[in-house]
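Since the structure comes first, as structure tokens, the remarks are kept for the end.
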Amino acid sequence: MIGLNSVGVLVPSLVGFAFILPLLGKLIKNVKFFHIYAALASLWAAILATYNAYLVFTAGTQVYPFGGWPPPLGIAYELDKLNALLGMVTALVMLAITIYSAWYLKDYEGVAYYYTLLLGLEVGLIGCLYTGDAFNLFVMLEVLSISAYALVGFYRSKPEAVEAAIKYGMFGAVATTLYFVGLVFIYATFGTLNMADLAFKLTFYVYYPVPNPFSGTFFGNPYVASAVALALALWAFTYKSAAFPNHFWLPDAHPEAPTPVSAALSGLVVNVGVYAIVRFLYTIFGPSAFVVQLRDAVLIALLVLGIASGLIGALMMVVQEDIKRLLAYSTISHIGLVLVGVAIGTSSTLNQNSLAYVLGLAGGIYHMVNHTLGKALLFLVSGILIALAGGSRKLDDIGGVGRRYPLVSLALFLGVFQLLGVPPFGGFFSKLLIYSAYMEAGMPYVSLMVILISAISLLGYVKLIYASVFKVGSPKVEQTTKVSLPTAIVLALGIACLVTGLATTYITSMMFDVVGSFATPQGVYDYWQSFFNTLLNLASGVMR
Amino acid sequence: MFLDPLTATLILSGVLAFTALITWFIYSVVKSNPTNVSEEFKEPYLAGEPTSTLSRIDAPSNTLFWGFIYGLSRKLYHYLRERMHSGILNEWGEYMSVYLGLLSLIGLLFTALILLRGG
Amino acid sequence: MRLGRYLQAFSLVALAVLLAVALTYKGLGDLPNPAVRDLALWYLYTTLNPEVPNMTVMSPEAVTAIVWDYRGLDTLFETMVFFLAIVGALAIMRGITLNEGGEGLHIERYGLSLITKTATKLLVPLIIGVSASIALHGHLTPGGGFQGGSAAAVAPLLVLVIFSTYYVVFKLRLSELSMISLRTLGLMGIYMTSFATLILGLVIGVNAYIFQNMPKANAFIGLPPALGGSLISGTLFFFNLFEFFAVAAGFTLVFILLSIPEVKAREVLKGEEHGH
Amino acid sequence: MRFLKVRNMDINGFLFVFMLSTIMLNLVISLYGVFARPSLIKKIIALTILSDSGNVLAIAVGFRDWPSGWSPSTPPVLNVTSPKASDVVSFARVAVDPLPQALVLTAVVIGLAVMLFLVFLTLQIYRLYGTTDVRKVAKLKG
């Protein structure tokens, strides 16, 4: 019973940590208090999220019905291996970022507001991942978005920061509103908002035509409603994940945010968009849903977008002069690669070549985790380098600062190798999985594109390394800056990067496990089965 | 097949060596450049060398590699940097709404398919 | 007109056509329909039904029942979005306040004429009374904490316009700190209420859920549906009460922030150091 | 292929269909407003129209046609506090769908919160740039 409670308690309990913080900010003047408070809140989330992941990987899918209502009536959190794993990674990286903030924000007013918004970001991230309800996903996306907008504009007297925030926020609001309109179509036709219930109606109802006791059957034309809902939802999710035509906000917003926030935005927030795409295209509109032509068309569009954003991100990365902007474009490139990985599941691939299907998805999810670790690490390192170089973000000004701080440089190398895909690192294996998936599926051009994207982005990473470590310049090193705490954090992340590569046999099989839990027809069936068991369990006392 | 130890080791070491080679090559290329600052040529910053190197009219021989890439892709980068990433919200909106239109077209085609089939 | 503009127009037309086609071919179902969806019937049957004591909210208002009980989690996070928006606004306006004290000011000289001031003085208690009634009857009639709170925030707005912001901050003492305190009180109340049954269940050692209101078939505890003979629908009354405070204080805070003279903001912003 | 069939195609039915078409059109026009108007304030206004169109659409989806002229559809509020079984049954026969209304309540508050924050950001943009024209608010590029 304790175990199940931990699934439900995690996100709502974090809300309380955030609610009281602005008042504390007015009453307590000691900045150290807030650093410790936020770190404790993050630690709490990290412990619970890790425990939840452990629970899911040992005991199977977990459903927590809020208020004790049977799911389509109330909201339920549904954890399968995919969101449990991503939730754990998110909470752990957020813990690192929160502790790093204590160094970064040493003497800045508004610390309480900053931590409130950062906690809001964490609530949004984990809530988006955990929820099993499509409308609750909308609400959580808004929690996530509004804290992200506010954090991007945190340096309110800096014109660029406010500009980035309003550009991000204006179209972000459009994206979430369009998703809401899509949800109206979903509710109107399917009569339910629960993801597992929707998955049942779209996939299994054809074979097993028993209406759900609470939500019945269809109330409109499901084909048409799916077309509208998927078009609008996908636009919103690609905005959040910054895939090619919706990527414009990212290179503005991520560099202008405070550095720890850049790490959270680049490493974690874009993942939520990809997660939502995956959840919609593989669980709700699952691989054997009856809207199969629509799904195929959307996946092909996603593949093209993935390649396009991979190429554009890599090309734009090469010409940047600003270290954080370079890393932001690299995020676009990597999200493109992840999308290439998860766009493999067209019906023909599934039917003719299930190996490629599993390989591509496993590669996509694996690369998402690898990118999270590597990118969070690189942004945090860039924060150290910028602080050491006296606050300038230009690569020219950083001029070889890293040479005087070998541990920081080591972490930088680890992160770059992770993203570049140098062999013993995780990035290599995930790219290899995506590559071999498309070779297997008989689409070698896509595989070549994966290589091409990596090759182009190599130039950018080399430039990053050259400018921050090898370059012989005369940077004005701030000798007074102490960097032991952030160095420890980035080294820990670097070791995590190394581990994702060295333990690749184990992690790859775990990724296959994860793919089996959400993307195969059997996995979708299990997802629905857990939901339905909860429903029966909760309703049995009443319905007789 | 891809986790076969021998193949994996071969690929691993091959890529490692290749990467090292490239890294060394690039480093040796861009290591020492005479800087000749001329601020009126603001050009893209293609590789590790400082902005001032790229803006020289006569490229030093050891930056020829980058000059080559740059010469090839001048048009591409002009489009990417000046036209696409212009920083103006309304021009982003054009790209974004075209993508929304694309998704709508997919939806419309699907609807047409279903209706013609008599769904 | 450039090519992009044409494509943009074409794309939006495509979206319009898609929506129109969806409407025509029942993408939204039969509209208007004499029947409602099954889920809606369940909500209508169970919102106040003493015959199914294990599956009811005990509130005659189905919308409030959904907002705070069936889908209470949504509303908690909706409150959080509003909270974060105000924190974001506070973060933008950090350090920008009215002058301390306000002793040198002749507060009574600001504002509109005596007639409007007197009328406002009469009106403000009425506004507060009506909005409190909207909030506290939220579980019985249309309305609720948010609606009541936003109506109540009209009172300080009215005073702000008619008497001046200095009057609100220095005479009425509705300063930033007091509003944040009131808001935190409301928010923590909501937070505690959502966990109340779970904590109760953990204490006496029975199964319970977050956001549980009435007893369920496998979780036998719940909050009382009525207090002293009048229906309070368990947690719903408390949620509405606390939401009333949180929202009223939140809006007042926003109005106070927006009414700070622009000169002060520019003074603070000019030459401020910022991070990287 | 059956077209939208409106029961009792009278003036009310016509108005209902007309309203739905208007909402659809409104969605697209306000989208154009957000994408193409240069002023941030105009964009925010268009955004309000966009989200309100979505909300009205949701309410319309939950609307219930009158079963007959003598028992019109009612708001989803019971008017007795201790109902008998027959009260609940007759209530469920005429009340409109409460779920879209609850969803809209949530969406309205969220839309308001986002709008509030965007207004503060626009104010700040005006303080820093002296304009709200997005063609001039473009320091970040490339």
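By letter and in written order, the chains are A, B, C and D; residue numbering begins at 1 in each of them.
One rule holds in what follows: a contact is a pair of C-beta atoms (placed from the backbone, for glycine too) under 8 Å apart; a residue touches a chain by one contact, two chains touch by 3 or more.
Computed from a prediction, not measured in an experiment: that's the story for all the values here.
Participant: Between A-C and B-C, which chain pair is linked by more C-beta pairs in contact?
Facilitator: By the number of C-beta pairs in contact, the winner is A-C.
Participant: Quick one: report the Å distance separating chain A from chain C, using the average Cα coordinate of each chain.
Facilitator: For chain A versus chain C, the centre distance works out to 29 Å.
Participant: Measuring centre to centre with CA averages, how many angstrom lie between chain B and chain C?
Facilitator: 47
Participant: Between chain B and chain D, what is the separation of their C-alpha centroids in Å?
Facilitator: 42
Participant: Once you find the CA centre of chain A and the CA centre of chain B, what distance in Å lies between them?
Facilitator: The separation of the two C-alpha centroids amounts to 23 Å.
Participant: Listing for chain B: what residues touch at least two other chains?
Facilitator: 81, 85, 87, 89, 93-100, 102, 104, 107-108, 111, 115
Participant: Would you mind listing the residues of chain A that make contact with two or more other chains?
Facilitator: Each of 135, 139, 142, 146, 149-150, 153, 156-157, 167, 170-171, 184, 187-188, 221, 224, 227-228, 231, 251-252, 316, 319-320 in chain A touches at least two other chains.
Participant: Indicate the residues of chain D shared as contacts by at least two other chains.
Facilitator: Chain D, residues with two or more chain partners: 1, 27, 31, 34-36, 43, 57, 61, 99, 106, 110, 113-114, 117, 121, 124, 128, 137-140, 142.
Participant: Which word fits the touch map of the chains here: line, ring, star, complete or other?
Facilitator: Topology of touching chains reads as complete, every chain touching all others.
Participant: Inside the complex, what are the residues of chain D that reach chain C?
Facilitator: 1-7, 13, 16-17, 20-21, 24-25, 27-28, 31-32, 35-36, 57, 60-67, 75-83, 85, 88, 91-92, 95-99, 101-102, 105-106, 109-110, 112-114, 116-117, 120-121, 123-124, 127-128
Participant: Give every residue of chain A touching chain C within the complex, in rising order.
Facilitator: The touching residues are 1, 5, 8-9, 12-13, 15-16, 18-20, 22-23, 26, 64-69, 72-75, 104, 108-110, 113-114, 116-117, 120, 123, 127, 135-136, 139-140, 142-143, 146-147, 149-150, 153-158, 161, 184-185, 187-189, 191-192, 211-212, 214-216, 219-221, 224-225, 227-228, 231, 258-259, 383, 386-387, 391-393, 537-542.
Participant: Taking the complex as given, what residues does chain A use to touch chain B?
Facilitator: Contact set of chain A toward chain B: 167, 170-171, 178, 221, 223-224, 227-228, 230-232, 234-235, 238-239, 244-246, 248-249, 251-252, 291, 293-294, 297-298, 301, 305, 312, 315-316, 318-321, 395-396, 420-424, 428, 432-433, 436, 458-459, 462-463, 465-467, 470-472, 505, 508.
Participant: Which residues of chain B touch chain C in their complex?
Facilitator: 91, 93-95, 97-102, 104-105, 107-108, 111, 115
Participant: For chain D, which residues count as touching chain A in their complex?
Facilitator: Residues of chain D touching chain A: 27, 31, 34, 40, 43-44, 47, 50-51, 54, 57-58, 61, 99-100, 103, 106-107, 110-111, 113-115, 117-118, 121-122, 124-125, 128-129, 137-140, 142.
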